[in-house]
Amino acid sequence: MTHKIAILGASGYTGAELVRLIATHGGMEIVALGANSKAGQSMAEVFPHLRHLDLPDLVTVDEIDFATVDLCFCALPHKTSQEVIKNLPRDLKIVDLSADFRLRDPSAYQAWYGNAHAATEIQKEAVYGLTEFYRDEIRNARLVAGTGCNAATGQYALRPLISGELIDLDEIILDLKCGVTGAGRSLKENLLHAELSEGTNAYAVGGTHRHLGEFDQEFSTLAGRPVEVQFTPHLLPMNRGILATVYVHGDPDAIHAALSEAYLSEPFLEVLPFGETPSTHQVRGSNFCHIGVTGDRKPGRAIVVAALDNLTKGSSGQALQNANLMLGEDETRGLMLAPCFP
Amino acid sequence: MTHKIAILGASGYTGAELVRLIATHGGMEIVALGANSKAGQSMAEVFPHLRHLDLPDLVTVDEIDFATVDLCFCALPHKTSQEVIKNLPRDLKIVDLSADFRLRDPSAYQAWYGNAHAATEIQKEAVYGLTEFYRDEIRNARLVAGTGCNAATGQYALRPLISGELIDLDEIILDLKCGVTGAGRSLKENLLHAELSEGTNAYAVGGTHRHLGEFDQEFSTLAGRPVEVQFTPHLLPMNRGILATVYVHGDPDAIHAALSEAYLSEPFLEVLPFGETPSTHQVRGSNFCHIGVTGDRKPGRAIVVAALDNLTKGSSGQALQNANLMLGEDETRGLMLAPCFP
Amino acid sequence: MTHKIAILGASGYTGAELVRLIATHGGMEIVALGANSKAGQSMAEVFPHLRHLDLPDLVTVDEIDFATVDLCFCALPHKTSQEVIKNLPRDLKIVDLSADFRLRDPSAYQAWYGNAHAATEIQKEAVYGLTEFYRDEIRNARLVAGTGCNAATGQYALRPLISGELIDLDEIILDLKCGVTGAGRSLKENLLHAELSEGTNAYAVGGTHRHLGEFDQEFSTLAGRPVEVQFTPHLLPMNRGILATVYVHGDPDAIHAALSEAYLSEPFLEVLPFGETPSTHQVRGSNFCHIGVTGDRKPGRAIVVAALDNLTKGSSGQALQNANLMLGEDETRGLMLAPCFP
Amino acid sequence: MTHKIAILGASGYTGAELVRLIATHGGMEIVALGANSKAGQSMAEVFPHLRHLDLPDLVTVDEIDFATVDLCFCALPHKTSQEVIKNLPRDLKIVDLSADFRLRDPSAYQAWYGNAHAATEIQKEAVYGLTEFYRDEIRNARLVAGTGCNAATGQYALRPLISGELIDLDEIILDLKCGVTGAGRSLKENLLHAELSEGTNAYAVGGTHRHLGEFDQEFSTLAGRPVEVQFTPHLLPMNRGILATVYVHGDPDAIHAALSEAYLSEPFLEVLPFGETPSTHQVRGSNFCHIGVTGDRKPGRAIVVAALDNLTKGSSGQALQNANLMLGEDETRGLMLAPCFP
């Protein structure tokens, strides 16, 4: 059986990544590609690397007949996504890759994103899309809200430690290193090759990055009390990849054991032997997340490092994994691509 | 039916690329990984990006029981390859990725490689592995000699022009731009990140690059007279990719028509609309080759630009394509991965 | 004696490069920085790497009192430059870095740039800024037109061969590899890190690049007959640097001798020993140009490779070199910075 | 007056960087370049970017007549340096760039470096080379021990906070991002372009990096009690630059004030306005260090980010700064090069 798929926001990087993954899925047919600003163009014009595929031309969202669509991926910008989704059929299965339906509390949404939510009714339906921790809900969901790419990485490193009560909740520091595609295909000066290559900087320093809304929501729920982590992202001269270096107070061996046990059966989460550290090179272009645990020379301190590809496990791969569940497919279908190294 | 596969030289980049491609092939099982210098290690130690796969540990070539192997990929260094292959069973199907069996004339081999060939009898069996032009021979071959990555790129741009008698054979210039993995995983100063990133240089200038042996052999055979092209490779700060800019004297429209017709049914060779030019970004990690033709302002001059990924279409992808033919599989099996962009 | 300097277009890369070079010149004081779109900002906001310098804030061009200025660098976009310069005092010394005054023939200007020239009277005054070949004229010039960065590189490789009648004028191919800063600080999709890093492509293929106007003008003048070269630029994933690989018909030894002799006393042009090839790494951030000559295996063919930094010797360094001449300073003052490698 | 300079270890990156800086110093003449493994070669062969300079050929250390040398830079590998220096004249002024004389306590040296120190008598003479904090001692020193590049970056961020008693000494985390030249010109697999570009990883996780020996020594001395920081370096795909992201418990405003005051008169240390963050792009190729302070959303937490170029301010620039002091020169001579951006 072949599922009919629509992708909205097909002219962005996460849209292209969805097409790349679906190309070898075998059980999905892309019937519509929406991209208002580039409607009328062929996908080969917008993304020449996909020219070998037989794909529909880009159209506006209005032109799509959703009655023929089994599942719709929304890879639209934040805020646009809620406006679009609230006008889609209410029985259409949707995987949203934007930030719009991640936060369950509308006031938290407003605090982090600066505007009132325009589709609060729909937000109630949304399931948070961190597959490994919401698998059953996702399987039955109509609308899944894909996580932030940084938020996914940090949660893979931390959730079992929080739920296992293994760490001091007031002393959690996430220092993240992110590739540039996390910022999308947007024309900003700091994303130019000339500005970005051969150097690095921190940004959104001091607790202002929006993915903190997700950390707060998820970690506080897990802990049963408010948890606020420190989180500093850095922009690196690389296209794909997130490396989260997480500093915690806790017993390194217990932490390694908890992560190993939690992810033992997970097809995409690999916990390395104790003392080894992952590299974003080793997950590039794949849906895998590698996690390493090391003890510090200071007793009672551990460093957990997690690496994934922001475009794959951090967004489009996660989205496909969730779509597989929603459609009754094998969860890993189309996602077993080995990382592209070197 | 699952074919039993051995890979010799599994600790190099082309070896790893073979494993990456076979990982989603579905009809092949890797039963042996040979790498004398790293024998005893697991593949996860040598290439951590492959850690999710269930692979045999690395062994020496001597430890492999070839009786259980249906096809062997040899991804060994030049000269080593002929020494190893001459001691392998004479009925074993082999796809060699080295330079050792590309040149049919032993004296040409000696001239370009500086040593007498140690397995001239076996060389007689070898079929040149440029799939699209030797498909039938490859299907029936025991030993296929993978082409040089630069040699493949240049031939895709030029063969139909030569066989169609469309260009001046004395005025052919190939200016190639190559990514660094073409040089393998070797510890050389000029391959260090610090020496290579953010700059470029030509090398083997003036007609000294060994892939010229292949160009001479193939183009002279095609033309029925000696053909010597000019060929200058350049090392670029990128890991994968070859861009061949080929300058010829001939009619641009006729050239475009000839290439379009020649590759009309080819699954991996894409001729762009007249006047468009390809980019190595658009083929990265894939088995596709994009080819563009443009006329120059000087009448009777054309520029043909061809782009492929040296590790895939230029070596390991080509090798798998040939292996599929030799094993009676669909030629494209395992090779339809979309390029990994960005 | 300290010369008072104004820089128009100070918010672009060539503007910043001028400030970088002047910072250690010792005989120049920057009294005005013009940048209409960023007027009111400090240079530290626009270019934080210059924050240690005591510089005036950015202003609009109208706000500058040119009566106090000894020499003005115009690093404005093409077309804007002529509009601005025609309104500047007619006795102000100007070094223009745009394309506006490079072509002596207004019809050639219109053909390459698509618009009528708005300051043809001023154009008559302009001296072409290729220092080594127009030194005396520059010394006495009021207005010097900086060359195109590609045009400079190609001319360094070719001028002595043309004036020496050493090569076939109908068979000249320039294959150029350019870093991304050649395109300026402009927000274009193909200049994003995600689109550019780890790959390459040709552009303006077939004789459409505007720097051909300069090649045509200069080479035809030198040869005393029309000369049209073939010229294909490529965009490389690096910030600075141009490598010109020039294919000619001629005697390699005579070519090497001619270049060596021509540049024997030049402080910035280094001809390498015969058979060696330069690298853009080796000139990064400096005003040097390295040139190598190699013979091809085809008799009577030579390859000349020239490397320079497009922001320095290709534009702002050249501009400062010319300004030194115009101001009676030592030509090399402020320009002896060693290349920044690695 | 021109000082006669020798550089030992001239074939490495810090050696080349010393030559680059001295090239525009004006008061130094390089009279000897030592490099045992490349003795007999010219500097132009080893570092072609320095070919325009009139430099002596490389020689073995034994061939150098130190009687004619005013000051010797030792840019040799760790352990080799102490062996060589103990055999140099006891009145020769030396700036050592290795790790050999940084740690005052021989047992600390042995603990971090794994071998007994071979020149403990000389070690007693050594002054720690962090210029801004040991300026007077350096001025009178015979032997200055250059700091580790990571150690310098971290200390610039932290020393005024520790001496000002502004932070909790038990909760200091330094997350460092380092360019690849910090590892020198060594042929290691992980330093290859193919392995390093487009990805990142942590290394020496958990408190095993040798620069911790310097942090421990300096911070404990400052605090008057043992201080152990957490320190995790990361390797980034860039050639130059260190970004230290330092997490502390303390009042952000007081921290910013303390840093601003401490570095008010320092020519190379720039404290940014509160809330701004530095970038390694902005210091590349220069001797400047940019420092930013931001408060976290968690009260009482601050993030200090420091950026410098490891080859310049982190090693060779620092070395030249110290040499200037030792020779009675202006401390900033030869070091006011503006950063090379982009």
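Per-chain numbering from 1; labels A, B, C and D assigned in written order.
Basically, a residue touches a chain if its C-beta (ideal position, glycine included) is under 8 Å from a C-beta of that chain, and two chains touch if they have at least 3 such contacts.
Since we're looking at a predicted model, the values are computed, not measured.
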| item | value |
| --- | --- |
| Per Cα centroids, the chain farthest from subunit C | A |
| Interface copy of C-D among A-D, A-B or B-C, judged by whether over half of the contact pairs recur | A-B |
| Between subunit B and subunit C, centroid-to-centroid distance (C-alpha), Å | 39 |
| Whole-Å gap separating subunit A and subunit C, where each centre is the average of the chain's CA atoms | 45 |
| Residues within subunit D bordering two or more other chains | 13, 181, 194, 196-198, 237-240, 278-279, 281-282, 284, 342 |
| Partner subunit B, residues of subunit D touching it in the complex | 13, 180-181, 185, 187-189, 191-194, 196-198, 237-239 |
| Sites on subunit C touched by subunit D in the complex | 13, 16, 19-20, 23-24, 47-53, 181, 197-198, 239-240, 270, 278-279, 281-286, 288, 290, 336-342 |
| Residues of subunit B that touch subunit C when the two form their complex | 171, 173, 175, 177, 179, 194-203, 205-208, 212, 228, 230, 232, 234, 236-241, 243, 245, 247, 275, 277-282, 284, 292, 294-298, 301, 303, 305, 307, 342 |
